[in-house]
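Contents: one structure, followed by commentary.
Letters A, B, C, D, E and F mark the chains as written, and numbering starts fresh at 1 in each.
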């Protein structure tokens, strides 16, 4: 079976319970077990080939440009871990079937479990370190789900988050490490990397890569100081703990160290970092385990300790040590999984995992007792069980290790670790199973059904068998996997009895010491309880809480919703970047002469400056500010005229008046004065920013006006061809409707959308809280009588038709003289506005039948259709045609297709302006305006007629 | 001769603009300011016409018409705002 | 029919003139187009000018305009004199309530406009029943004389024209 | 000349007004037209991708004017890709808007939606600098309308800020264009590229100012620190589907930077490395501030907003390399982050609809907890860039593209450390939302939550005075879920077909870093034009 | 003349920037108006300054000012008018909904009311 | 030549009255009297200039333009209305009804009318 298929099977298995989520535990368990079993079978079929020294590979291109490919390999190491993952996985699946209660959603559980299994299997079968990273992080994610499976338990949630954060951190570091490693080796394929030992170890990036990768491995394998997450992950259901923390997740780190052992090990850096970390972890965790009251917690720390042991062995960097490490991986998986399942059974049957509440289960649960005791004794390293064998090997390797010139330090510390290990193992047996029976167990304990104990029993049998016949039971596996780790053929000699030697003596000492320590257990517990030990969880919580608070504080203060700050940052950024860009470039100095200054423009300039200053000074008096804005707009328009831009002046001034009307309509409901609510310092700062920005922008304008174009402008072409090709004398208008008609098309769309937005907002406001507020509106100022004065009404009756004629004129002449659809639209809008002002909105509205929505839509479509029309001539959008048409007896017209476009502009402008006014007026009417029946309030002729 | 006349008129209307500006800035009430703004628009129309005479162009005529229209509408709008608050009711 | 087509004949005439002035070209074609405008635009705006009827004596309008133009010229000199030479303290402004005989809105508007454009007076407000016009005089040592001039010189003539 | 090049602009530009003209009171018709329009848009975009895949830059000369005098539309691989991305996102999100009933909480949703698409597509297609401004304004003003859709105090307040800030941005855009025109005398981007390249060294000051101002304009749109302040409140207060659509809006800014600073201002030209020098630190800060914000905020909308900021940071790190490798990484990551951010916003909206508000706090178990949790979990993985989804691949690509950069250590450290923050933050948020709630109430019965009748049932008519609904009673129908699933499956596809996607991205980058072809496509072979 | 125009542009910009940094929406709208004047003049000035040479073709006239910036400014004016209308309306809406016309987002935008975490 | 003299005179006269009108705006003591200056002087000022232009173009350039006439017409049409409105605003802001003569016993000027009265003749919006 292809390695890729083997790796994929668990994921397929994960889908099954996910799809069959309602079908209950049995279906889910069976489907998962089937998938696992097939995968295991597939793996085992490769054993002969691997025994023969082959490496089975499968390669699929995924992302070749990155070097991330779905390459899989099965060698000895992969085989060992694969068998552990799938074999123990199978047992866990069976065990979980009986462990989970009816209320637990089993489908979800099995889906997560298989996801995790797949991720683990992916790690060990990957032949590409980037692919390995993918699976690596997937284990973090799936374990997050598994640990947090019982959502209602806070410990579960916190443990899950902690596990994810810590292993996630390591995983992230590893990404960097792997990328560096791959870059040095020139490939991300493990096969290639394993060939690049010299290059890697000679590279200046070796140490960073090593550190980063080890950070990943250590966090995953819960090595000191990252050991704290593992015990908290015990909040997971026991099958999860048993799986994650005996055979799989925590072993991923070990796997990685073993996998990269040929290229990374053998340097002093490797030895001191890895071996020391392993040693410290082994001793420290074992010491902590002695004092744990929770069975699973005790086992968890023991796991940490054993992982330390294996890490230390890998750290030694010798082939013999690697063999020992591999062997212990197997042994640890068997006895630890059995122990976790035992703990789960005890928890399941008695209702508690607290050692203090247990004891005397020996007779009540004889089967469990037998299994637990065998596994625990193996963990203690007592012959003839398998734990003894690998511990002997470990002690032997420790005696060979020299730490900073000190030949016995490692051995002594390792023995101490073994001693603690004996102590907690014996404690597990002694305090749970021995002693008097109690009558206060939460549930009445008895042995569980066969389903629950069969899996640990099988493992216990393995423990014994491997212990008794190591060479035949496990020798082959150790051989192939150790060969894969070291990269050279290994032929380990595993035997129960090695003769009387130093390791045996150390082992005996550890046994004796452990027993003594157990005897002292109670006073030690008391003593330890008296000392305030730093709680890793508390520290982690404190750090994350502090980080969360700091992030909250920082985010809240920085992004505090102040627009002033946002805009100040904007202005300063622009000014600083602009200054910097200018000062680092070259400027030849002024090349254009200045225009002479005439007195009248000077007056206009003075008016503009004074009005602007006053505007700022008086901006709090809002109406005054508006009047001043009007002056500024007037002056700007005049300057456009003076500087040869009549079209601009027309547009600016007509936009001006509509803007004023809009602002006044809005201001009716807004406060008439702006209160001061910024401090002097802020105002000073703002004034500074404003001054700097103004100076900068003014200077930029000055520099531009005094410099020549570096290249001839494209507008020369437009001046030359406006009439010839565009059919118009007014070049600005030809640019607008022809050269750059597409811009104008966009521009009227903007206007239309603006009106639609205003309309939609009005609807929303009227229907919401504002509508209610408006219905109870009280005007904040005294109001005069006579809303629709007679004189205005009469004059408007003349002005409206005249303005319509003027609008038509401006529209028609636009192509050749200043004007055009936009200005015409504004003129007509302004005329209509004057009618609305004279006789009121409702009265006027009733008398006209135009729908402004339709006007906008028609405008945009008219412009669009004019453009689309060109398609039928096989020309691009907006290609124009023109000609002079002389209808008999009537005005000579230029009929340009651009005029259709301009008509669209006209309609859109009128529609948009009027729709916006309509919306504002609706707000006013909601606020209790009355609707007049007559065009004017006072009409003496009416009385006369009566 | 016309040049001197134009120069004189430019000066007059320029100065007039400044007077209006003074009244916009220093005024006892809003209505005075609106009046000053209206007068400014009228002065600007005169200036534009002078400019047209000066440069011999009729190009700026629509602008003058526009200023007249705008001056009227905005004056009425401001006044109506003072009187009623709502300018389209 | 004619009435429906030309709701406001004088407006139509005005618009034709306006168009001709705008295009600035006395061509027949323009005139035809102007005529079309003169028909169409009043029709469009007719709803905003309800209930209008013809004037009684439109032929007197030119004479009235001439008087007013002459008065405007005079007014300007008068006002200039006051602005430039009358000391602030010597000014005698006055409010004058002008009772109106006019009822027609257009007539009242014409009167108000005339008052505003002519010597030292500005029309300020209508009474709530529309039967009196409030006038402010800039410098009126004798308000009754001003009132008399308004009534005889302008209102009487307007009454002839409109009503 | 292929008229379909302009179809992405014309199609929504016709459908929008049609909706206003003839169906402004009939929601059902609006929905049908709008969704058909968007689907057509997606089809056209797909076709345009095929067209662009030929490797030749396609030109559409509007008004048949010769470049550089008229406006041209340009279709290259990047433009085509962005169009497709826009259409796909819009299609999915529009389904959500209909399924969740958001589109009937106010007027003109569909018309504005179409105009929004018109603006975005136009911005991607144009080959003219000022026309880019115009289409920026179209997409902005439509976005204003959409952003305040449904109303409410906070939304309007945020809307005012959003508009005001972008008005300042538009002002700056005009300033930048003015400066560039004043020096080069042209607005056509290809022509400008030629002129910029020929610029004498002693005359570069103004050009540099123009380039930098332009970069700042795009940085505003992309929400690059310190120009990012507008984003969190805007996105948090925008209606869910609108925020999701806005995922493409920040990309418009990124697109602008890529386009201008590969075509007009290549790094070795007159502006030297000005932009990259400014851009890279800004990108790093953006990433950091975004990811810290994810942890620091207590509002789900803001959370998603900060996630969007963070993803822009990552993206800009890649862009700021201005190498083919960096650009191709950016292109890939851009697709990913658009889909991921869109999905995250929709999921947050689903949470909000079920919980009643968007605060990240303990609440009762929401109906459909498991489903939403699964969607959230998937999207969160994608957003933080954990395997197996495209976010992870994108991150690897970005890191690899920056592996040889002088600031490599800073870049990698920032990416990795902030990833950790984000992982913690999103796991915390998910845990509070979907797990912790079980503390307050027992696990709900397995029966699926009562689903209010979808808005499509019974012929919806938009009443003018139909009350504005609260977030709380948005119906949770299959359409909304399907749209999220659609987006997430996009991410899955991007992951599974990372190889082909990356080949596309590399071809895109190669085309971008060889601007000569673009320039000659515009300025040569103009027979038959005016 | 160039000096006058550029100083006016600078002045309008400074006024605009100062006003958009205020805390009330009306002042911000005023500031936006100022900025749009400034930018319109600026954009216009990129065509350089010429007196009495409007870009309307006439017989016998050789010198015209640059028409292109004028067309651009026209587009900009129209767009900024639309934008101003929208922002005014939105400010009014925010005022009606919220009861004040502050532009800063209130705390309730970032923090839940009841302080529950 | 004659045309030039006429135009020059008109321009000078127009400038003079324009200046006087605006000067009055500064010099005159109270808002109501200030209202007089611009509504008249300025109209003549700008009117004179417009007429000057009307004469100048046919005389100097041989082009007859009627545009100025239109502007004049428009100004004369609107000036009274703006004056009327500004006066009403003055009254509303600065005068109490007792300072003014009554139009008739028991009657009042429209500006001072009770705005609530309007609801008698009009229907309420939205009904």
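A few remarks follow.
Definition applied: a contact is a pair of C-beta atoms (placed from the backbone, for glycine too) under 8 Å apart; a residue touches a chain by one contact, two chains touch by 3 or more.
For reference, the UniProt names are B = Multisubunit potassium/proton antiporter, PhaF subunit; C = Multisubunit potassium/proton antiporter, PhaE subunit; D = Multisubunit potassium/proton antiporter, PhaD subunit; E = Multisubunit potassium/proton antiporter, PhaC subunit; F = Multisubunit potassium/proton antiporter, PhaG subunit.
This is a predicted model, so every value here is computed, not measured.
When the partners of chain C are compared with those of chain D, the chains appearing in both lists are A.
Chain centres here are means of the Cα atoms, and by that rule the chain farthest away from chain D is C. Chain centres defined as mean CA positions place D nearest to the mean of all protein CA atoms. Chain centres here are Cα means. That of chain C falls 41 Å from that of chain E. Separating the centre of chain B from that of chain E, both taken as means of CA atoms, is a distance of 23 Å.
Note: centroid distance chain B to chain D, computed from Cα atoms, is 48 Å.
Mean C-alpha positions place chain A and chain E at a centre distance of 36 Å. The multi-chain contact residues of chain D, meaning those touching 2 or more other chains, are 130, 134, 137, 141, 144-145, 148, 151-153, 156, 161, 164, 168, 175, 178-179, 181-182, 187, 233, 297-298. Counting partners per residue, chain C has 18, 22, 109, 112-113, 125-126, 128-129, 131 as the residues that reach two or more other chains. Looking at chain F, residues 16, 21, 23, 35, 43, 65, 67, 70, 74, 77-78, 80-81, 84-85, 88, 90-92, 110-111, 113 sit in touch with two or more other chains.
Chains touching one another, given as pairs, are A-B, A-C, A-D, A-E, A-F, B-E, B-F, C-F, D-E.
Within the complex formed with chain A, the chain F residues making contact are 74, 77-78, 80-81, 84-85, 88, 91-92, 110-115, 117-119, 121-126. Residues of chain D touching chain E in their complex: 130, 134, 137, 140-141, 144-145, 148, 151-154, 156-161, 163-164, 167-168, 170-171, 174-175, 177-179, 181-182, 187, 233, 236-237, 297-299, 302, 357, 359, 361-362. Of all residues in chain F, those touching chain C in their complex are 16-17, 20-21, 23-24, 27-30, 32-33, 35-37, 39-41, 43-44, 64-67, 69-70, 76-77, 79-81, 83-84, 87-88, 90-91, 99-104, 107-111, 113.
Within the complex, the chain C residues that touch chain A are 11, 14-15, 18-19, 22-23, 27-30, 32-33, 37, 41-42, 44-45, 47-50, 100, 102-106, 108-109, 112-113, 125-126, 128-131.
Within the complex formed with chain C, the chain A residues making contact are 785-786, 789-791, 793-798, 800-802, 804-806, 808-809, 835, 839, 844, 847-848, 889-892, 935-936, 938-941, 943-944.
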